[in-house]
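Letters A, B, C and D mark the chains in the order given here, with residues in each chain numbered from 1 onward.
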Amino acid sequence: MDPILYNKIISVGVYGSAIGLILIGLYAVLVKKHLTKIVIGLSIIDAGVHLLFIAVGFIKGGTAPIFSEKGIELVNQGTAMVDPVPQALVLTAIVIGFGVTAVALSLVIRLYRHHHTARIDHIKSLKW
Amino acid sequence: MVISPVHYIALPLLAAFLMPLLAKVNRELVRIIPGVVLTYLLFVSVVLMQRVTETGQPIIETLAGWQAPWGINLVFSQFTGFLVSLMVFMATLIWIFSYRFKKVDNEPALKYYILFMMLVTGSVGVVLTGDIFNMFVFMEITAIASYSLTSFYRDRDGAEAGFKYLLIGSLASTFMLLAILLLYTQVGTLNMAMIAERMHTVPVGMKVTILILFLTGLGIEAEMFPLNGWAPDAYSQAPSPVGATFAALVVKAGVYSLIRVIFTLFDIQGAYQYLIIMGIITLIIAEFAAMKQTNLKRMLAYSSIGQMGFVLIAFGIGTKEAVFGALFLMFNHAIIKSLLFMSGSFFVYNSTSKDIKGLSGIGKKFPYMGFLFSIGAFAIVGLPPFSGFWSKLYILIAAADESMLALVAIILLVSIVEIVYYFRVVAKLYFGKPTDKEVVHKPTFGGYFSMTVLAVVILLVGFYPDIITGFIHRAADTLLDKGAYISNVLSVGH
Amino acid sequence: MNNIVLIILILLAGGVLSFLLNQIKPLLSGVTAFVATVAAAVLFFTGTGTADNFDFVLGGMHLSMGINGYSWIFGALILGFSSLVLLYSISYMKGRDRLGYFYLNFMLSIMAMMGIIFSRDFISLFIFWEIMTWSSFLIVVYQGLSEGRVGIKYMIFSAVGGYSMLLAIVFMKAQMGTVLISDLVSHFSGFAIQQQTMVGILLLITFGVKAAVMPLHVWAPRAYSDSPMSYTSVFSGLLSKMGIFGMGIVLISVFANSSTFGTNTFYISNVLAWLGAITGVMATFYAVIQTDAKKLLAYSSIGQLGYIVMGLAVGTKLSVMAALFLAVVHTIFKGTLFLVVGAVERQTGTTDMTKLGALIRKMPWTFLAALISIIALAGIPPLAGFVGKWMFYESLIVSDHYFLVIMAFLSSTAAFLYCYRFLFGIFLGQEEKEFENVKEAPATMVIPMVLMAALLFVFGVFPGLLFDPIAKGMEVLGMGTVDWSMTVLSNGWGDHVDTMSIISAIGTIFILAFIYLALWNRKRTRYVTTKDIHTSGEIPTENENLTYAVDFYKPFERAIEPVMKRTMDFYYNHLGEGLESFFNFLRRFYTGNGQTYALYVIVFLVILILFSKQIFL
Amino acid sequence: MKRAFILLLLVVVGWVLADTFSQINFGESRMGDIKQQETVGAYYLNNTVEKLSVANVVTAIVVNYRGFDTLGEVTVLFLAASGLASILYRRKKRGEHDVMILKNSSQLLQTGAKLIFPAILVLGAYVFIHGHLTPGGGFQGGAIIASGFLLMFMAYKDYHVSHNVLTWVESVAGILFVSVGIWGLISGATFLENVLGTGTLNDLISGGVIPLIYIAVGFKVAAELTGVLETLLNFKTEK
């Protein structure tokens, strides 16, 4: 297959799936009424964003940024390793996402306990 | 160990990790330690502010031994230093206020102090850091602490407010993450000074997209108009000291980040007009919504949003005088709104309901508390001789200097609305018919102390603003001098 | 220390001290306030001159305080009058709760007023102006009447006024770089005509609110009547005069440099003169139909202030002199009348004229004070009110304002109606059983009233005592030198009205009548009660009402009904309701559904994206 | 109607994201010339081995270059655990019994879990101890360990981890992390600075404080994730 076309397909696939995840998550957040589904939506958005991080850091033909004797050589030649920074950032982002999800779930439990419903449009005692 | 800005972060974290262990030794320690830490940080602020004022140069602390832009650094300039000192000062007072605020001794009551301290640390970190991703991390610390504290009370509305806050806050962090990612792909660095330096290389379309993502994400933190649905709920459901903290620290951190992005990172002129327009809309809608509130804390929340709109307008004008006015207003808002939340909380506790109607005549039971609330109300609407007057005056003068008289007129008209709803409460407090409910909750000594300090500051600054204007002038100059920021941060170690 | 600063500090300290002393003994509170004000007054009258300047820098702005001939008139009035009122207050307020609060705000008002007249720049003027506003607001709501609604209305109008001044100030600061009043006067001719109009109107709105000029007056009647009477006398006597004080500066000093002044008066002045006239007429009509003495006096105040504004706005030497003379005299007689009503209220517990009656025998000294003040108010010689009115009419006629004269005559005639009603309703008429045991007010209340009544007499006979400072003040305002003499009123047409001849004529008649009634005719007089009559042979029973305090001026009311149908209040209330429902509609934006808020965020994002070019580039 | 509107909004958002990312070529290096060190990525690739003797550059970034972030991240976890405890706290009403929400799991799962659990723990420990040499690190290792506990929770309905122990572990680990940072300050360098000798590349004991921090992080993450699971699982619903 034509390498340029191949590259395009891959990029459309990677970016497309990541952006698709974000949109699916947003859809869940904006449309689904169940609290748990909304939290799942938030997690999906997070996943999409994290995927974008990794995708952006990828360099064609690059290896993982872990040095062995061979790796040092490769670096000396030029661009043989993927960008390590997005990987480090995404690690942090994932952990933060986990923390937020945990708090969100606990709030869902609380809300269900108090309101005996998990529909977000039924929980609006605070308004105006 | 030399006193340095990292103390603001390291010590509270150390204390936070220690506190669960200390709770096993003595529960009282958990209450006391945040106070000790914050008092020490207040001392740090004094020392560092003195140093910065003397040299006129910012203190730039590299972390982990890596200079900017390779590592993360903390920037304690006259601008960030001013905000940080203000935050720490407020946090200390709020701690004093909330010390034994309610006589409960269960597990969450202890968690409260940890969460509160982290809320402070997160806000301070947002202001201090010189790295955009680190700012995001601190924002998330602040956010998670806020979510938990919002739903701290075990009534049903607390969880609702917390969930709304979390929902919107998560979207904010998503947009901010995306913006940071795109920024990184364009400039290859996360250091804000370096980003600012390289911003001109970014294609315009990409730049605008990144800015929009930032504005949406940070606008949520800064309570900008259509993004602030969470704010009234969170303010009104959180425990009162936390409401004060939101007004005094958290939203300040949000506004700071917005301002830092627009003033330092980007060089797009349209963003300033955008600030003015959004500020006006925020101000108008929030003040109008506050007018019809029946719940005191919710009214204070809307008023807080309105004030933030005012701050954004002032920053949007963008001249030196306007920025000065905006910073002055941030200072005033922190002090005054905290006082209002603190004194208001006692009224709410001791009235029949959370409604303003229930406050009728309660000032007769708490004459001193009513006095403090009135000072706060007079100050926040900008009546002389209280401190709020000066900030309003400076912003209006700055607007008039740019011949934006229509803007001045709008602000003043909205101020009339503000006067109406605050004075309605004041009139009700003193002169409504008192309800015959007995006093269930007397302020603690600490409560009296911190409120009195705030009132004294309001009066002092009101009578003689020059005790504070020097700091604010220098802070405004520092914020506007983008070139100096870049060269100061990047020249460390070179 | 500088005398000006000292006066302000004494008043402030007096307020704080009386607030604190109230905790020990409530009586001390009033005494402290009184002593502090007297001390300030002594300092003011003995040692304060034009040399006492006080320049300072606050918040990066050059501010200045000082005193000149014009502000001296008002300063003397404020301190002299409030000393007497505070003396009155000691007894009047006795036994009420939260006296410390009352006196603190009272003293703050006095301090603020002194600050206003001392101010030589707009920033300090504004600061003191707002202090005056909120301290008076706190007193308006002090008695807890009408759920504070009156206070809120007062505050809204004051805020409109205060903020229009602030708008003018920031405009001036941007245009001229300074905020000194003298700089505005000298720079005013440099402004474009639109700017002149804007600054003029804004400042006049500020002062017009306090002076209760026509469309801005609706707060006044209730605010006056809701305050404790001892404060109302200050409210109507002094606080409103601050509006007059400011208008004097704007209308005379500032507008003298307006673009159109050379040919005619600045057109705003003409508008204002008419507003003043309408205020005078309408307020008088309203005063006539009131049944509550407080409200009657409140409307009467508004009407009188309308005259004064008219006089200032017409702007000739004579009319300004008349206006300032009336301003001083109005303070004295209207203040006295409010004190009288306060005394009546304290002794009987009501101010409703349909219930009161025949207090003349119970409270003779109060009646005397009321009588003299009413005569002064009605403008009958030989009291001071006559002097003012005479000059006022004369000035209007001389300057060819014939329609204004007609208006003034109309309201002044109508004023006789309420003057009579006031006297009759309270002091004359049928004796009511429930007021049998009413006693005269205590001496500390009577002395200030009688003293002020005596003052009215003195100024009526020797108006020159007042002409002297007023002439000096007008010179400061830039009207040139003004001629005056001790007893002869100014002569626009070339005729003389000598108060000495009037007083000798009236005095002679009075003495003759006194001799006739008291000495010669003494044997034939006897005291009769209202019931001591026979109507068609029937003896009236105890409960029958023979005097007509109810529906007193029914025919008159019917005559003026078309004019009165829609009060200004009606329109303001509608505006307020409309706004409130609009606010209520707006806040539905916050639906309470978290998902909707999330939707807002996305919509906002999309809007920004779609219009990014328009917004950011 | 509303749904269609939302879909329209999402189309716009998706279109903008796609448009934006189409400008960022996939697989292209944006680090510039690695030797020029114009970007932070290039700098890290160039200097990690030389200055830190750490094989895993991501670890070097996470723990050292951007160690401050990691401290914040650990704090976020800590806060989430604290917040959870505070949010879900509920005073037990009198006479209230624990309501089981888990059914008994199958014998297969129980036995399997028992068998695998130690291995999972060891794997987790391996991952975080070798964080500076191989892919993985404190977070990954901690998560693996927590997953082991999750397995146990699922297998045994009355399996409990002592809160006391968890508190101790997470506190001590957190204190260790901050102390390492402060150690740098006290020894006259900067906060979190690598004050130990770096050793040689690819040795287990190399990279100075990096493995130390990552071990602390591993323990802390493991304890916190387990704590979160424990809190959520032992939460009692009302009937």
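The working rule: a residue touches a chain if its C-beta (ideal position, glycine included) is under 8 Å from a C-beta of that chain, and two chains touch if they have at least 3 such contacts.
Here the structure is a predicted model, which means the values were calculated and not measured.
A.B. asks: A-B or A-D: which has the larger count of contacting C-beta pairs?
C.D. replies: A-D
A.B. asks: Specify the chain with the shortest distance from its C-alpha centroid to the centroid of every protein C-alpha atom present.
C.D. replies: Chain closest to the assembly's C-alpha mean: B.
A.B. asks: Measure off the straight-line distance from the CA centroid of chain B to the CA centroid of chain D, and report it in whole Å.
C.D. replies: 30
A.B. asks: Measure off the straight-line distance from the CA centroid of chain A to the CA centroid of chain D, and report it in whole Å.
C.D. replies: 16
A.B. asks: What whole-Å value do you get for the distance between chain A and chain C if each is reduced to the mean of its CA atoms?
C.D. replies: 70
A.B. asks: For chain D, what residues touch not just one other chain but two or more?
C.D. replies: Within chain D, residues 6, 9-10, 13, 16-17, 24, 30-31, 40-41, 44, 65-66, 69, 72-73, 76, 79-80, 83-84, 87 contact more than one other chain.
A.B. asks: Note the residues in chain C that touch 2 or more other chains, in rising order.
C.D. replies: Answer for chain C, listing residues that touch two or more other chains: 587, 590, 594-595, 598-599, 602-603, 605, 609.
A.B. asks: Could you say which residues in chain A touch two or more other chains, in rising order?
C.D. replies: 22, 26, 29-30, 38, 52, 56, 85, 89, 92, 96, 99-100, 103, 107, 110, 123-126, 128
A.B. asks: List the residues on chain A that touch chain B in their complex, please.
C.D. replies: Its residues touching chain B are 22, 29, 35, 38, 42, 45-46, 49, 52-53, 56, 85-86, 89, 92-93, 96, 99-100, 103-104, 107-108, 110-111, 114-115, 123-126, 128.
A.B. asks: Note which residues of chain D are touching chain C in the complex, please.
C.D. replies: 6, 9-10, 12-13, 16
A.B. asks: Enumerate the contact residues on chain C facing chain D in the complex.
C.D. replies: Listed in rising order, the residues are 599, 602-603, 605-606, 609-610.
A.B. asks: Please give the residue numbers of chain A that touch chain D in the complex, ascending.
C.D. replies: 7, 10-11, 14-16, 19-20, 22-23, 26-27, 30-31, 52, 55-60, 62, 64-68, 71-72, 75, 78-79, 81, 83-85, 87-89, 91-92, 94-96, 98-100, 102-103, 105-107, 109-110, 112-113
A.B. asks: For a test of understanding, state which residues of chain B touch chain A in their complex under the given definition.
C.D. replies: 133, 137, 140, 143-144, 147-148, 151, 155-157, 159-164, 166-167, 169-171, 173-174, 177-178, 180-181, 184-185, 190, 232-233, 236-237, 289, 292-293
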